[in-house]
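Chains here go by letter, A, B, C, D and E, matching the order in which they are written, and residues are numbered from 1 within each.
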């Protein structure tokens, strides 16, 4: 079984590395369509990572909502505004370098804190398998208020998006 | 069940177990696990394309018969080798890439589109204990994976740099996102009743002849789900993304040769898997008397595929706004009513619940169609003048 | 006064029209297995094995008729068909003997099948009953200039062939020609010496 | 946990950093939205990782990750609707060209 | 189509044709789209221009017949009919009784052929996968068999002659026609069961591409398209050419002038045509099928020299008013020859009908106009 375990471990690290490479692609590629595709791949990579943590439901939701819906909507918007995103136009503003430095600093500081912190791992949680039924019960029980709130926000966002994007009749 | 039947019933399962045992004699434990995965994977990887090839033949045959002609009958007996001839033709065709195309994505799109189509096979229960991976979130997995299909179609349409492709891609996005909603909601009553997301246990919940389709909410759910599956795999009358009379070939206008074949393959495999899932969810999966379980499964699935082909032979295509209208104004409210009805049916046992559920569904269907004025055919009068 | 009219009622329930249409295709599907072609069964013809019935009037490309031997065709190379052909696909040259005297038979008679539009004008205008419309159809070629340009030798076919493909017309024409010949012979016998009788070249 | 928690956290930190970089440098509003999605994803990974290791109730993290996904979907729809409206009105999708409130 | 539409950010200019599956030939539409909606549309025709009129002016009068077949290549019988009428008017040739009956039978069969094919291909444009089209073709084949039997060719019939027709109809052939025609009502019932009440077809066709009455009249639209808009104008009724005054038939009229009305008016016209053919078969007299005086003219086309003058012969072709204008200067060749092609003139309102509709509608509207490029471009 050791070989299998080792293989899985290598696989997970490879997955994480690949996801990071794709994420870099998301922010650096000139062509917005390419970066949206990279985003989709990154999201699928994250979903696979969720599977590693035995969060199957979340992985499925991630793919369904993010890849199936959000990325599609993004690509839709890219297509609608397409001829602006031509090669001749600069895709990047002038704060690249400061941004890069700042973020490197952020990562360094936070990473150091992360590694220094003794994380109190709760053994009960590590062993627990969360089924969809558990999630449902929690959503309808403990977290019913945020759940309803989110649905209200969703409706509001939906209506808002429709109204904002709707064309005025007069023109 | 007599022994011969149970032997036939579990023939494939036993075959795999036997192979794994054989491997277990020679190789360590991890290799057996690996072999188990590989066997399932290889079976699915072979099954998908073979099914696709013969679905094309079946479609051409059935449509031909419906149009009073023979369909392919030249290559091999009854045209049985036609798919192979088509495959050879596809392989030998020139692969044309437009000059302005985004070459990498143009290449990637047909490859990527096959992946979700094949991945759905994983949760399809082909027979008793014949699910490749009985995931605890099976149905959700299927919905999630099949929703990814939009992306490669988008890639193909965008990378082709063709206006027809572009419009086809836009239509795909709109259509698939819209029809995912009623499709997902149509599944909800099934999950409510079987109290599980796993495809295998959903089939088990329809033990005997208690198929969900025999209940009012099940029938309504099945019809809605099936309509949505037809729309999801872009088959007529919902084949707007590739509407050949308007958009030449829609999103795969600029594809030829093997790349085109891959698009085609994905479409047919989707047709198969979606029918299979519909069978699993509503028609009792592999449940059925007398025959081995997998025979039942394939019979039902092919019956649904036949219905898809039948649709194709009969119907004109919808227009894009009507397509959306049907998803949002007719199917979506119906699924919501259906969920309510399923609850009622569950809590009011006996004939009262049954009739009540049926009446509510019928009334809401009639009400919704009456409200959807633009889609209702008008009465027309034609004068006959001298 | 109510004028006659046809009212097309709408369907009582949305969807019944769709089901009705599906019933029609299903009926045709079943019929295709059990019924004959003219009763709603399969109506296609399996081409190389079965052939279409071709009617006697059917026409496509012209050919030339000879009576006795190919070197004495009915055609006199008069060129009327060449002149009247709407697409100008016929080319005729009169044969000349060694002295350069015209021989009243074609030296060259070519029809460009690639240009011919099968109208039958040549048949209508030919005063010598020489050119008729054929009905061969497996004449595809690979080269439009070479394979579609049909020369005299390929065009000439015996009268028996014409009698075979169009028995009724052939019988009429043969009878007329025989009558004309007899009349001509009758008219010629008293006036000219017997050796000049063979004018039916 | 098959891999140690800090590694996952580092991964999500890197993802967050990359997203933040994108937000700061992209000119195209859609590009900024895409980068924001990346950052939200990093947060989701953190939630899951903690719910698997240090949380008291194992489902809490997952539920909040679901909420994050829902919120992300909302940002995307509303944001893109705004982009479309903007594009229609001003013919641009670049954030630095939308400077109407500057003067 | 103004440049302002093109300059709007969301519009997309797209070319339908000349190589496109549903432009019914080499027809081209330049459409400006906003999303799926058509904002502007421009026709580009002439890809199939073959110089028909000029060719005809260099031929003898009988020689033109074969060329008229190629105008609207789906119903050559009707084309022949119009040309024959014009030339007979020019030369003052009378047509024997029996020939008139044969002509009417053939013309109405051609109308049925044309409408069957139109409805079939309209359904193809609507996205049906060839089924209605093949059902229509199935029936059309039987009529084409008759055409072949009678005239010698299935599509390029070249059957009419000045003063009659080329061959006589035998009793056998009449029986054959009766048999084929008697099948048609049942077939049309089946066809209608498949289509007329189909909700998808109704949704796609009703209130799409409406053509108002006044626009239809002002644009010179004729044929089923005009009648679908509700105007009673059928040259068979107004001119009563040939012997159409002897038959009892009705002119079906639509009300809205949308695609559905155009479709259904044609179905009803087919039923009326069936009636006409049945009456004609019942009433066909014995006699000669070709005016004996014109026979020598046909044997020798250069003798056909109408006196100087002009004539306009028009018929109700399945597509509209098909007119032939002939001017003679006394030579064997027409001095001027002009065709009033209904396909072309009916096409002129395409833009008015399409603007504001969806792409898919434009295709269907084009299909419902019933154009044949051979006639449009000539």
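Here is the rule we use: a residue touches a chain if its C-beta (ideal position, glycine included) is under 8 Å from a C-beta of that chain, and two chains touch if they have at least 3 such contacts.
Only a predicted model underlies this, so the values are computations on that prediction, with no experimental measurement involved.
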Chain grouping by contact, computed as though chain C were missing: one piece
Chain whose averaged C-alpha position falls nearest the assembly-wide average: B
Chain pair, C-E or B-E, that carries the greater number of C-beta contacts: B-E
Mean-CA-position distance for chain D and chain C (Å): 78
Geometric centre distance via CA averages, chain C-chain B, whole Å: 54
Centroid distance [mean C-alpha coordinates] between chain E and chain D, Å: 62
Chain A: positions in contact with at least two other chains: 57, 61, 69, 73, 76, 80
Where chain B touches two or more other chains, by residue: 66-69, 166, 170, 313-315, 375, 377-378, 380-385
Touching two or more other chains - residue numbers and ranges from chain D: 87-88, 91
Of chain B, residues touching chain E in the complex: 63, 66-69, 163-164, 166-167, 170-171, 236-237, 239-240, 243-248, 312-322, 374-375, 377-378, 380-386
Residues of chain D that touch chain A when the two form their complex: 1-3, 5-11, 13-15, 17-22, 24-28, 30-31, 33-35, 37-38, 41, 44-45, 48-49, 51-60, 62-63, 65-67, 69-74, 76-78, 80-85, 87-88, 91-96
Residues of chain C that touch chain E when the two form their complex: 4, 6, 8, 10-11, 14-18, 20-21, 23-25, 28, 43, 53-55, 57-60, 84, 86, 117-121, 124-125, 127, 133
Residues on chain C engaged by chain B in the complex (per definition of touch): 3-11, 13-15, 17-18, 21-22, 24-26, 28-29, 31-33, 40-44, 46
Residue numbers on chain A that touch chain B, as the complex places them: 1, 3-4, 31, 33-34, 37, 40, 44, 56-57, 59-61, 63-64, 67-69, 71-73, 75-76, 79, 131-133
